Structures are given as structure tokens and as C-alpha cells.
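Next come two complexes, and both contain chain A; in the first it sits with chain B, in the second with chain C.
Right, the complex of A and B next:
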């Protein structure tokens, strides 16, 4: 039975690359992170979702050691990123949403400059990426398009083959072609020797394709945390029909969002099918349609009543 | 081997792969000894997590549909296993459940559903006859 080609470790059996427990952070009176605990095993891809201001970037800053944990603990590769920034950052590739590249440098200069910081820099891989991303080494960074800048930043984050790749909204503001390149880079990173990726995004379609784990933040708290397919399977989008139209929006135990009018209401329900049928019967409704919702629908429902 | 993944579909992605491969085999579009794309290639093609593809391949290997050997890549093996009647019926059980759920919600009786199936089958005959 030693014949299998599979080299991707099963994420459940692997060691923790990121372990955050009970992390809270306050900015003034605002709780940016509230008792956040996450665990990212080696070789997995964690999709980090939530509306703007949910705390995603704040958590990423803790992982990079640029914010110190007020309460709780943060470990990356088993190390404290604040106490051992070199030990952590030399093994992390990071691309922020605001790409912060030195505009006055040429692409080639920037690559050589970045290379100097990382002994593990893979020159062949870097030139392969340069080629693939169709970047011109003599072009000044400030003259690059948004998409080209993102690719330049991504090249710099990938070329030393980091064990952990952290991407903060890598696709934000980019066209579909560049988004595709970024997505493929993530896929290749995982396919190569089972490296670990954490990426935040509000493009839930991407998260759904690529992430094996999803963590959803809402107002600084983790509201969902699990395998992508289990998170989806744990919810039902159902259409309820009432024999008697309820006067106001019906209240259903376990429902995260209720929309509708008259005698038909759509609910996003967290729980099993049996629970749903029981809960519906209690308020005089029956389930006339049901399907597994997308992550997008779950996020909108979980992130508060207003649809967006 | 061309597969299509739908995010809207409630079926987990790895299961979509498993089901589509089985379907391709049953339809004779994948043949014994055919090369199967490496995990990483299929992952990039479908733009999905390689772990997900690996999981589907593992499942297909466990069911004896794929063989994966170091240095030889992944190949299609033992098509006969798939072609047992039980396997085929198992593949149809899920869509059948879905159809019956719909029918139940719409208050359509089983007899009417069976009649509908016959009717649809008759309608499809001229196109799919080979």
C-alpha cells in the first residue's frame, strides 16, 4: 500500500502552522478581536472571510508580529511572532491589500532588493514567475497597472518558497485575469510540498474553490470555523410556506436570515434537515424547497440582517 | 478528461469530481489504462485546491477505479468494478432522492413521478439513440 502518489498531507493529521487561542484586541472602546481561536494545520488552505472591519487584517497583523497580543496567544510555526520576528517572517510570504511597493524602483531592482533579505530565494522560480506574470524587469513600479503591481508583490512573496503564504485580500480591485493568476499561484503553492496558505477575501467564490477550511469573522468574533464543505452542509436555504400568512417577519429558531412576503418566506437555517422541519412546524410552516447555500449566502446571513 | 465544477451546487467539490469521473467511465469516455491528469494539473485547470483533487483521487483509488503508482502517474483501472449494477444504481440514488423530495413537496404521487420518467424518457429517445 505504499504505492500511492498522494503527497498532500491530510490537514487533520498535521501539525499546527498557525495556532491562535483566546486572542482579544481592543482599539479604544472598539473590540477589534474578541476571543479569537484558530488553528491552521500544515498543508491546508484557510479562507478568511468577513465583511470589512470584521477584524481580518487585525488578526493577520498579529500573525506577522506587527501587533502584540493583549490577551490570548499567537503562535506561528510554534513561535511567538512578536518575540521572534525573524524566525517567523523569514518563513512567511506576505502580500497585503495595499501592496506598498517602492514606486521609484524598477521591477528587476525590486526583485534583487527583496532577494537580498531571503537566503532561500529561488532564482529560477523567480524568473519563471516573471515570465509567467508577463512582467518587464526594467519597468518602474509606479508605472505598473494595479494588476501588475499585485503580481510583482506576489512574485516577491512566492520566490523564496515560504512555508506559509499569507495573502490579505489579494484579489481586491483586480480584474478577473489577474485574479485567476493569483488563484493559480495559491494552488501551485499548496501543490508544492504541501505548503500552507491563509488568505482573506470577500470573493467567496474563490474561497469556496480553494480553501479547505473557512473562518468567518463578524465584529471581531469567530462565527464559523470548519471545513468548507461542512460549513456549507451545516446550513440550509429553505423556502417556507405558511398556511396562514404571518403578520410580520416570522421568527424561526436557528434561522440567520428571513426574507419574504405574505405566505412564503426564505430562511437561511443553521442546523440539520430534521431540526429545520421541526422548527418550521412549530410556527405553522412547511418546507417547500431546500438547497445547500453558497458561502456567500451564509456570510450575508451571518453578518447581520441587512442583505448587501 | 474534462470536468466541470459548480460552486452553486450543494455537492462538495471532491464528490463532484468522483461522480463526474464515474460518469465518464460509465459513458465510455474514459477507457482502461487511460492517463488521468496529475492532481496538480487538474487542480490548476479547475482552479480548486489540490487537496480536494487528492481527496477525490484517493476515493477513486479506494473504489478501484484509479490506480496510482509512483513514477507511473494515475491510470484508470478496473472499469468492470464500476459497471456492476449496484454501483450504477448507487450513482442514481442521490438524484432520485432529490427528485422524490421535489415530488413530495409538490404533492405529486410516486405513480405520477414514474409516469413522468417514462414520458421524459420517450421524449429523449430520438436524440440519444445510438
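Right, the complex of A and C next:
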């Protein structure tokens, strides 16, 4: 694997809402997080991507104080979420991947219960969201569909206009209509000046559409961290042609994934075009086609691809 | 199923049975150990021993029987929480298997019923009978009643997974079985019908389960039924929990705790009292010399005092849970992600427990008074000429401190295990429960020894104040250390510590003052100091001090 690409954000770049440095976490023999460092500036939308078990939810739980750092430090708004949960959680809106809601409550009761914890609860905004999401306050949460439960959780996370919105796989298992609602909510939250959003997702087209920064985790390590367009621009999906078909899969310096057969091989290359042409020439190939890869392709290449 | 072994397992029924065995091996091992321990105790008693040891052994055996038998009922119940942890019912994964509904119903019912009945008979034959030497009820009748009860619990849990008020229906069914169970104790005219009633109960349980599960599989009973929709739309429930906003985070959390657990203790105790008092009256009427008037009131009073205290001590293990359906005791995200201190969450639980205890005694007194008026009205009427307004007022005033003491003790029972429970770790709860059981057995042994050995009794009474004093100093020191740690770790505020400490002192001084009055009235001033120290000792302090730290361990893993 190529060394971690860190361009932005960095500790010195801006006021960091989230500052995680050297965070490691182990569950039994499995290392869930390994020396993770990320810094999220105010007002940014950070997309958190990675395969299942990459450590996304574990990192989010550290930000909420549900997990205590074994080594390293976690600061949210400059506070330790374990030592000062009230200080941190009062400014954070959170939607859980598991939609862990009290099924026995009615929607209206859940809203009322959640409101009790946030003095800045915006009742007009909550009513507006209730109408927009077409939620019935009398209905019990356990009788709601997955999508309605996600909307209920999202309403509870948004109605006090938190400074930081954390969404863990918000659109997992949901239909396109609910996914659209969630994306709109993220965009609206960002539109409020100074608000920050961190969301993890498997649906990388969503991340591309909404996130201005992306952090990619693989086996508990940060393998990519930067502006979305810079991350994409830093990779090239190229088709290489060989005069003679190589006997085995070609080994291209800087490639994260190599697929194909015969004399034509597609590579996902991390670096500039000049570097790609030079590296291809070294193994006796020429670049016949190139384009900017999608985040999806980069994730697959970084997480599961075979490169050199 | 790859480890099924013989081909006999390779059938749907075999797979269902194998699953029970595969998942519950540890429970069966535990049950076998409990049975062996009890057999050993029986042999020990039969070989002869002194009364102190015998009482301790009897307690050990009863604990083994109750723990192991209730565990067995859950093993074979075939009742599980669904994937979303919002309801208990038939294991959903089996509903999609290519097996007829009748088989899905009959396999767990017949196998479970046969095992719970057989195991009960084994315990009865080898443990309970040798202890009691006689049995008021025919063991086969008792076994059949237990099977009927077991089947009905299965039928209701499987057929009504989303039914509102299901617990109430289950309670009614349990009470019906209690009533049917004691039919042989009633006059012959009633007991003649007992087997017919039992057969009807057994057959109707199977039919209910079959029909209910069938409807569920056809999608006719999955999700909100018409009854459910009616219940959801019932006007009085529209506004429940939606009136105005809460004044504080604490108020919101208290509301949540109250809705989840506040009514359980008052409901169970008053329900039991409502049924058990007339039953006791009926059984009493059958005895050769039935207790009447003041004698019956004594029985009633003992029951009224015992039921809430016993039930609250049994409930103590569950009060720390935030969600009864969760497999683990971990803090649910919808609570853990809220900006409230761990101390605040604990205080909300403590306040709920106090309110629940107060309501319990209120309802129990109402139920007791109701049955007293219904069953003993002639005796009450006969008292009227002797009662003056002064008597009524002084009695009422005199009862208030007793009532407060009972509420306090019930609350103490409820919160006694809160520190262990809030850790969210089962092994901690297990160790705590074991330690409590061992302490209780040791105390019973100590008091029994004191009862039968006058020298030991005299020595114990002589040293009791000193023993209590040392224990009290240790208790305060431990609590002080834990509070200090909690303050250092920022999991509890000094205000919270102040409230708990002041509450403990106020309750302790209340006990002290009341004990002083009673001792003086009884002319036993020498008992005042031990009672006072004992009162302070009984009131929980380290348990409360450790609760926020335990929750911190759970919330920030």
C-alpha cells in the first residue's frame, strides 16, 4: 500500500472541530483503529468511507465518547468527549447506523423526550421537518418502516441545529426517496453558516455529491485524506497496452489495482500523468486511454485491489 | 448443522431440538450442577446435622431449585426478541423454514412441556418431598398445571408479539393458573371439575398458539393489527407524553424511566395482592379453625408487608437496565448520545425507584383495605362503636412513619444492585448476585445459630453495636473513596454528592428517631443504638456512590 496521502485538513490548517491524533483501538486481537489522525475544520462536509470493518463506526463512537481512546487523543470542539460528554454531546447531532430508537415510544413522545436535553431546540424547524418527512406523531416507533425510523432519527438529530452533525451510514438500507431527504438535510445543515457534517457511507456517489473532504479507512488505518476533487484528481484509471502479453499480472510502481488479461490491462494509478507514463514505459507498456476514476473505483482499488 | 452428528438430527424437528441443545449447553450443565448440589444437601440433612446448618442447606436447595427451574423455562420457551429488539415472540428465522405451522407449534410445546414437567417431578421426588415430608398438592397435578402455564405463556408470546397490554393478559392467565392450581384445596364440589378445566386450558393453549402463529405466517397478524391501530388511536393516548415540553433534561429522563419501569412494581404487587388475599381467605375458611376478625387481619397484614418487600428485592436486579429487550445491558444509543451527565442518569433512576415504591405502597394499601372491607365487614362494623375520631387521627399519624419506613426499605431493595447493573456487564451482575446470595445465606445461618445457641446469642448481642459501628465506618469510608474518585473523574458533581449524602443522613436520622420512639415505648432503650446503627447500615451509600462510575464504565467503553 502506498503511503498515506495527507493534504488537507491538517492540524495547522484551520480551526479543527474534530481533532483526532494517533488514535488506536483494539478489540481482543483485532486492531480496529491504528494510529488514526484526522482534523476536521469548521464548516466542512467530511465523507467517511471504507469497507465493512474498516473502523468507521469505531472512530465515530470515539467522537461521541461511547468508546474511550486506548492510545492517542480525541477532541471535539477542543473537549474530550469522555471527560465532558455534556459539553460535546450538547453540540452534536447524531444518527446511528442501527437506528437505535426506543420502539415503545410514539414519534411525538420521542421528539418531546429528545427536546428535553437541548435548550436550543427549534420547535418551528422540528414541526417543519415533521411535516416534510410525513411522520405521524401518534404512531409508535416500532411500527414505523426503516425509512420512517431513519427520518425520525434525523429529525431528532437536526431540530436543535447542532454545530456538528454526525451520520453513521445514514442511507444504509433505505430507498432513494429517503436517501434524497437525508442528503438534502445535510446540504441544508451546511448551508447554515459554520456548521460541520461528518458522515460515513458505502454509497460513494453520495459522498462525491455532498462531501468536500473525504477520509478513507482501510483495516483501521487512514489511507486517504483530502479534498474530494483532489483525491480523485490524484488518481488515474488507465488502460495499458503491451506489445507482448506479459506472462503474469504486470507489476506497475504506484498502481493500486491491476486487472485484465492478454496485452491490455487496466490500472488504477496513484500519482501524476507523467509518473504513470514513466512507470508504464519501465514495464514495456504504453497508456492508450486514461480518465479520472470515481471514488468507488478508488475505494475498491485501495481496499481490495492488487497493486505494487 | 454440520456438527449434528447422527442423521437423526438431519430433520426439521431434529434441527429445532439440536438448536436448543447447542445454544443452551451451559444452562443444562448449570441445571445439573444445581440438582447435584441439592441432592448432596438432602443427603447431608438426612444423615443428621444441627438446625443452623440444616436451615442454610434448605436455603441453598431452594435457591438452586428456583434459579435452575426458571432458567429451564426460558431455555425451552422458544421466545426470543426480534432482530430490531422491539418485541418478544416466536423466533422469526424459523417462520420462513419449510415446516408446517403445526410442527412449529407442537415441537417446542411438547418437548418443552415434557421436560419442564419431568424435571419438576424429579426435583419434587428427590429434593422437595424429602424436605417437606408431605405435599399439599398432588405432584402430577402440579406438573400438569406448570405445563399448562408454560404452554399458555408460549401461546401468548407467539400469537401476540405486537399486542399492546400483552403483559396484562399474561398476568391474568398466570392468575387463572394460580386459581386452578389450588382447586384441590377447595371444597369437593369445585375440585371435581379440576381435571376437566385443566384439559380445556391445555387444548386451548395449543389451539391459540397454532391459530396465532398461522396468522402470523400468513402476514395477517404481523404489524399493527386492527386492535393495535385502535389502541394507537385511542384519544387518551394521543396526548400522553406529548403535553408541553419537559422543564429539564432530568425531567425528560425521569419520564423515560417512569414509563419503562415505574409501574411494574405497583402493578405486580397490587395484582398479586388482589388475587392472593381472597385465595388466602378461601383457604383459611377450609381450615379447621378459620382465623376471623383480628386474627385474619394479622394474616392480611403480614402478607401486605411481605409481598412488596419480596417482589422489590426480586426486581432489584433489573432496575438498572435501560431497555428490557436488549440482549446486553449496554446503554442504548438514544440515551448515551444525549447531553446528560452519568450522575443525572443515575439520579433519574433513583427518583423513579422512589416514586415507584411510594405508589406501590399506596396501591397495596388500597387493595388491602378493599378486601378487608369486602371479607371482614361484619368485624369492621362491630368495631365502629369503639372508634373515636381521636383514635382514627392518632392511628393515621402513627402509621405515617411506618409507611415512610416501608417506602424507604422498598426503594432500598430496588436500588441495591444498581451499581452492578449499570456496568452493563453480565459477569459483574453475576458476581454481585452470587455475593448477595452468599451474604443472605450467611446472615440466615448467623441468626439461626443465635436463635438456638443462647451463649452465642448473648455474645452476639453484646458485641453487636461494636460490630455495626465498625461496619458503618467501613461503609462510609468506602463511599467517601468512591465519591472522591467520581468527583476526580468528573462523572458526578459535588451537588449530586451533597444530595445523596444529605438524603442518606436524613433517612438515617429518621430511622434513628423512630427507633428511639419505639424503643422507649417498648422499654428497651438498650436496643436503640444497635437499631440506629443497623438502620444506617441498611441504607445504601457505596452502592449509590459507585453507580455513576459504573455507568461511566458502561457509557465510555
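What we mean here is this: the second predicted complex is superposed on the first by the 291 of 308 C-alpha atoms of A that agree within 3 Å, B and C clash if a C-alpha of one lies under 4 Å from a C-alpha of the other, contacts with A are read in each partner's own complex, and residues count from 1 in each chain.
Please note the rule applied: a residue touches a chain if its C-beta (ideal position, glycine included) is under 8 Å from a C-beta of that chain, and two chains touch if they have at least 3 such contacts.
This is a predicted model, so every value here is computed, not measured.
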Chain A as common anchor, with chain B and chain C clashing or fitting:
fit
Could you say whether A:118 touches chain B, chain C, both of them, or neither, answering first, second, both or neither?
second
Quick one: is A:104 in contact with chain B, with chain C, with both, or with neither? Answer first, second, both or neither.
second
Residues of chain A touched by chain B versus by chain C: which partner has the larger set?
C
Using the touch definition from the top, say if A:130 reaches chain B (first), chain C (second), both or neither.
neither
For A:158, using the defined touch cut-off, is the partner it touches chain B, chain C, both, or neither? Pick first, second, both or neither.
neither
Please provide the least distance in Å between a C-alpha atom of chain B and a C-alpha atom of chain C in the combined superposition.
26
Within the complex, chain A is touched by chain B residues 5, 7-14, 39-40, 43-44, 46-52, 54, 57-58, 61, 67-70, 73-74, 101, 105
Give the list of chain A residues in touch with chain B in this complex.
3-6, 8, 11, 43-45, 180, 183-184, 187-188, 190-191, 205, 208-212, 229, 232-233, 287-294
Residue positions on chain C within touch of chain A in the complex are 84-87, 162, 223-224, 228, 232-233, 237-238, 240-242, 245-246, 248-249, 251-253, 255-256, 259-260, 323, 332-334, 336-342, 489-490, 555-557
In their shared complex, chain C is touched by residues of chain A numbered 64-68, 82-90, 92, 94, 96, 98, 100-106, 108-110, 112-118, 121, 137-140, 142-143
